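What follows is a single structure, written as structure tokens, with notes after it.
Order of writing sets the chain letters: A, B and C. Residues in each chain are counted from 1.
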């Protein structure tokens, strides 16, 4: 397997719009290079992928200062959900919800946005992430 | 060396219960696949591994909202310290405290929980993490 | 290419002094081992690299408690900017500002500290980070 074809695996933990955007930008970049992208949604990131909540205001990282926040919020880039859709259009991007986190919220597959491809346990995720890079965001 | 045998190296910086649980779940997943796991404890994560403090309330990430926090706190999964013990039982998991962070708190080996295997500098950690994946949490 | 020569790629998102120090320590460790280091500055981390702001007080992670903060602030280690300079002295360290984040703040190359080597898009960063490890901080 060529190094360039090894997956980029993103463990998304944070659910703020700034971190989700940073993650989506990496996903687009990797997908555009022809690399498979595995996304694993946990904790607050999973909450942001509930049906009907994708475009809600998910806030910013708490470290954002009163000076920084307006620049970050006002940036006219694409929404992270559109970036992820774009990544799916150009490449092989699989978005899975962490089974443990689903259980934590007491929700089912039908409570998630269709952008999410399925629900899997950490063993399945680690198997898909055994090669390439793993990034926790 | 087979790709599957390459280590998963976790740099633990955050010391909140949610992030420590997320880290422990990855450690268990990797150990169960037969991969060596290196854990490097820095800053707030190191503080959570002090003797007698493992099961204290280490709080949640500041991004946890009033709606999310009860679900995260109420989850009946195993404690992260039990998950790490389980990872040690099934695989090769080495937990090292960062020498610089030890110095920062002015503490010694005897101030740490026995779950911690030793103290090492960043050079030793980077040597063990030169192959496989490095994840910062 | 030997595994030891593969790059360590750091995506710096957070701009607090504790996380920047943790990142700089990893950069020094990797550079000392002869590994190329790619640093990609986004969001709050980029803000910390503005001209004249390197040594300002960038605060700590919000999870720092009133008990922990004095230890972290009082640590007599080197400043993260000095660690990065040291990493550049001993190895091949390339620090790039994320073009999207530059645009977000409406700033140009001249607004950044000379420690920053240039501005690049995510595609260029992902190309340099296609091998080795990617760490998001």
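One rule holds in what follows: a residue touches a chain if its C-beta (ideal position, glycine included) is under 8 Å from a C-beta of that chain, and two chains touch if they have at least 3 such contacts.
Since this is a predicted model, take the numbers as computed values, not measurements.
Visitor: If subunit A and subunit C share one sequence, what is the angle of the rotation that overlays their CA atoms, in steps of 5 degrees?
Guide: It works out to 120 degrees.
Visitor: Copies subunit B, subunit C: same or different interface, half of numbers shared as the threshold?
Guide: different
Visitor: Just how far, in Å, is the C-alpha centre of subunit C from the one of subunit B?
Guide: 23
Visitor: Which subunit C residues touch at least two other chains?
Guide: Residues 61-62, 133, 135-136 of subunit C touch two or more partner chains.
Visitor: Give every residue of subunit B touching subunit A within the complex, in rising order.
Guide: Answer in residue numbers: 3-4, 8, 18-19, 22, 25-26, 28-30, 32-33, 35, 61-64, 68, 71-72, 75, 77, 133, 135-137.
Visitor: Where on subunit B is subunit C touching in the complex?
Guide: These residues of subunit B touch subunit C: 11, 13-16, 42-44, 47, 59, 61-62, 100, 103-106, 122-123, 125-127, 129-131, 133-136.
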